[in-house]
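Shown next, in structure tokens, is the structure this report addresses.
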Amino acid sequence: MTTYVLRRLLHMIPTLLGVILITFTLGYYGPGDPLQYQLGEQIPPDPEQLARLRELYGLDRPFHEQLVDYIVGLAQGDMGMSISVQAKRPIRDMLGTGLGVSLQLGGAAAVLIFVIGVPLGMLAAYKHNSLIDYIIVSFSAMLPTIPVFVLAPLLLILAVLQLKILPYSFGWEGLLDPRAILPLFILVVGPLLTIVRQTRSAVLEALPQDYVRTAKAKGLGNRQVMMRHILKNALAPVVTSMGFVVASLLTGSLFIESIFGIPGFGKLIYDGLRSFDYPLILGTTLVSSFIIMASNFIVDMIYPLLDPRVNLD
Amino acid sequence: MSATTTDNVTQISEEAPKTRSLWSNAFRRLIRNRMSLFSLFIVILVLLLAIFGPALSPYDYTKQDIFNTSQPPTAEHLLGTDELGRDILSRLMWGARTALAVALISQGISYSVGAILGAIAAYSGGWIDSLIMRLADIFMSFPHLLLAVFVSATVRRPIADAAYEIYRDTGVEIFRNTVMLDYLIVFGALALASWPWAARLIRGQILSLRENDYVLASRAFGATPWQIIRWHLMPNAIGAIIVAFTAGFGGAMLAESSLSYLGVGIRPPGASWGTMINESLVGWRMHPHLVAMPGIVLAVCVFAFNMFGDGLNDALNPRSSKG
Amino acid sequence: MNKHRLLWVVVALLISIVPTIAQDDLAEEQVVTAVMESSVSVIHPSAVGGGQRDWTRVTFAAPFVRTPEGELEPWLATGYEVSDDGLEYTISLEPEAIFSDGTPITAESLKEAWEWGVKVENIPSWGGLMTIFEPIVGIPEVSAGESDDAEGLVVVDDHTLTIVLSRPVIGFQDALGSYLTGIVKADDDLDNPDYWRSPTTAGPFTLTWNPDTDEVDLTRNDNWWGEPATLTEIHYRLISDVQTKLIAYENDEIAVFKDTGGLLDQISQTHADEMIPIPGLGFFFLAVSNQVEPTTDVHLRRALLYAIDHETVIGALFPNHPVASTIVQGSTVCYNADLTIPYDPELAREELAMSEYGSAENVPPVQVYFYTSIDFWGRILTAYQQQWQENLGIEVQLNGVDTYDDTVGNVYRFSGGPTINDPSDILTKFAAQNGNYAAVANYTPPEELSALIEEANSLPMDAENRCDVYQDVENQLIVEEAAVWPQIGVPYNWVVKPYIQGFETSLNQDINWESIVVLAN
């Protein structure tokens, strides 16, 4: 077990290096130039000044030098400075504050996804092929088919301007503020379908199995059977979806945070992409990759606890 | 099988049915479910539109009429015109072709690459296996969309140049067709972000199947690896692969619209439902139908493809559809 | 009876009071929330652009501010004098002027603030303060780090500063009313990034910036030496999505926002009464490289230009935007109203035949780069794409990702416009060999054209043929060289809630927060 954990953790290092290499290459040869975007509008840069700034930010040096410097810096906890989004601010600080917001939002969304998704999936399975089943499956399948950047303004107009059930349209004042409701809702509906489906089919699979029958024979009520046996059995495949949920929360937050003006990690990804803030793109990609890897790692650690058939070698 | 696989394909039984009637049984199961039947209908409709749509459409999908922009539906333009005066119905029909191409080609590339690498990994084992799986890990740990955005922004120009060179040398018209080229870049970028899932799935299928008795027996009789793949692995693994393959369709269509939103999707004059939505997004409170129409079509289509994938899963994996 | 009469009196009194309440009563809270479109990149004024310029006026005050009509009005300075040769500008400072920390603002303060502001690490890639201070003696050396002292900034006494130019510059005084020349307190630790979270200011408001949340708050400066402002606080909040911005405005969460064209069609329909136009147009054009195939060929460039009907396309697609056909716009001297860009498919095909490619099949795809964040480019270019295809059969690829990488693109989009009331500045940027705009679009003007712009720049201001020469340069750039294609003017507007009173803006796109009041609503 310990060796397995160690090996997995060690594997992360070459993977992260691979991520750096790919991002660096794409950024270096890509079409964008962060220095062009220092201004919110589009005055062409002054060529001489541009050259001086390239030097200042070290962008004029050859590829391998920049890459090695970046990795060495990273090992010392330095992720470079933002160029165009927040000039000269250390990326580490930006990511730190951004993650603080997004982890709350994403964490709450993840909890909601499981708290809503698992019962819905169980209900759908239990009422298999009934109207309720259809409604649950259709509803959870319908909302994520609308792109986030359409759904978000649509709901804003509906909830804030038309129905006036929400007082605010943008900003971030913490999870308990009404401003968090719409972003959370949109974050949750994205991956909800997967959880509902996973639970539903896992429960369907478990329903006719021997131990359920045995339990029923022993006189346990329907609900108890459901809770005690099926849930435990159904949880394993649901937990494996965590990696997927985390990845889709990351992608979703990119649009959601910029539309709702939330100063989080997703907005940093978006800003970095839009203004080709090269160090910021590197930093956000690296952290996203790490988050995805870490969540897969956690899943692999939890999985054997739920499914005794799987052993960690 | 790895525990981290994230798709619902994990539930597919590893002892796939071996009878010839697999397909007819599956089909019966598929159409027995009303949801799947509905989605099958939509999928066939999109398929027909993609093939015949451009021939049936009332106008050329790029034909502009700048004096009749953003018109509501009329007898002349059944669904109205967009902000360049193009016929929305014709564009939606052309968009079906794009949507299907996105789904088929990006998933096709992804699964071809995945199948080759997955098979090599499974058969070679050792360091080649580790190397390929490490590579898959790297690509899997990228946020999907980010990678696609990067790649399509970066490779666009070099590939356009290369294609033109080929056109100049060979005179083959297809290499000058910027629309086709553009599609390929977007699909390629999407595929690049999704091949590791395909590779993992196929590697897992091969690993679990090749220890089966009949495979061991064939090998004992001196069958080549290719023969084993053809005779045993393909028929047995194909169900799981088809399910995973179709399950990715809806996601690919949505991802394409996100790429458009970020400015690296299908370029004009190409038309996709995603680009149609994005082009109309700024003025949508004045002309909501311009966003609504491609939006509804995209949503219905993604929904149908998702449900279709679900139905296929149930159909090809009868164990989970009991009850 | 008595009771009734009393009632009537009360009613009459109430009626007479109601209108006065509506007009004169101020809201209890004199607080306004406004919007910024993007993260604050820097706070200090010498690099300010985009969304930040509107608060610079009331925080880092410049010597002058500009009226809506474009005149200079005293702000930190009380006036200025120019020497006869146009090389020396002497400004007199307001003797009462103090920083928000109570220390006096002297001529030395201005000199030090500007010397800090032009340093290479403190200006952005487009030049910032250097774009207007480059002609000052010694400034280029200070900017490059070769010197600490700009000899051209001469402190005469505590309240008098003389600026010495290395060459006469038309309209230099306008620079002293630019937000870029706003004053920071150079004695402070300006190089410490955390300093800018609450810097010392020189205007009627102080500023706090929280980079973590991207929030900027202005608070009334009790040390301000002039008339105190009525507003006590102004909050700037970040909304980068234009749709959300409008929704937040309609929901009364924000009272003021700036539209730079993205919502123009929409707000012209629904909020026309609340629009306050910003003087001067955003001016957008396409610039063509003559260093990257196939637009290296002047005939091909002309063919491309003559094959697009830009007046009709823009007129039809953007009825709220003016069509631009010149580089020097209508409000500027030497504007050439007669300049027409030919739309002539026949002529375009002739030009194509005359080019080295001969016919469309031999022309490599033309690469156009535009910026999807500005909504209209995609639409305009798609319309052109069809005209190029129909009229010439030429493939044009539209790239929604912006780049100024000079090895790849044939056509780039730009925005700009004269910053002074004279054609010299903007035309030089295109036509001179090392001109700013030309260099970025990778366009090398022919020798004769550069010679012509030099000739124009050397003419005395009152020369009779001055405008003719500039118009000749402009005509050559657009029609003959087909290197600059003027496209569209974009009116910028503030959208302001009716309960905000006294709102004024200027060419600087700033807001006179110091004299604005909020009515009870």
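The letters A, B and C name the chains in turn, as written, and every chain counts its residues from 1.
To be clear about the criterion, a contact is a pair of C-beta atoms (placed from the backbone, for glycine too) under 8 Å apart; a residue touches a chain by one contact, two chains touch by 3 or more.
Only a predicted model underlies this, so the values are computations on that prediction, with no experimental measurement involved.
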_Most remote chain, CA-based centroid, reference being chain B_ = C
*Which chain wins if you rank chains by how close their C-alpha centre is to the centre of all protein C-alpha atoms?*
A
*chain B to chain C: how many Å between their CA centres?*
45
*Could you tell me the distance, in whole angstrom, between the mean C-alpha positions of chain A and chain C?*
38
*If you average the CA atoms of chain A and of chain B, how far apart do the two points sit, in angstrom?*
22
*On chain B, where are the residues touching two or more other chains?*
153, 156-157, 281, 284-285
*Residues within chain C bordering two or more other chains*: 243, 371, 373, 399, 401, 408
_If a residue has to touch 2 or more other chains to count, which residues of chain A qualify?_
31-32, 153, 157, 274
*Going by the contact rule at the top, pick out the chain A residues touching chain C in the complex.*
31-33, 35-36, 38-47, 49-50, 52-53, 56, 84-89, 93-94, 97, 153, 156-157, 160-161, 167-172, 258-261, 263, 271, 274
*Can you check the complex and tell me which residues of chain C touch chain B?*
242-243, 246, 262-263, 265-266, 269, 312-313, 316-317, 364-365, 367, 371-373, 375, 378-379, 381-383, 385-386, 395, 397-401, 408
_Touching residues of chain B toward chain C in the complex: what are they?_
62, 64, 66-67, 69, 83-84, 153, 156-157, 160, 164, 168, 176, 178, 182, 263-265, 267-269, 279, 281-286
*asked:* So in the complex, the part of chain C that touches chain A is made up of which residues?
replied: 37-42, 47, 49-51, 120-121, 123-127, 130-131, 144, 193, 211-214, 237-241, 243-244, 247-248, 250-251, 253, 260, 282, 371, 373-374, 399, 401-405, 408, 413-416, 434, 436-437, 439-441
*Contact set on chain B toward chain A in their complex*: 3-8, 10-11, 33-35, 134-135, 137-138, 140-147, 149-151, 153-154, 156-157, 250, 254, 257-258, 261-262, 274, 277-278, 281, 284-285, 291, 295, 298-300, 302-303, 306-307, 310, 313-314, 319-323
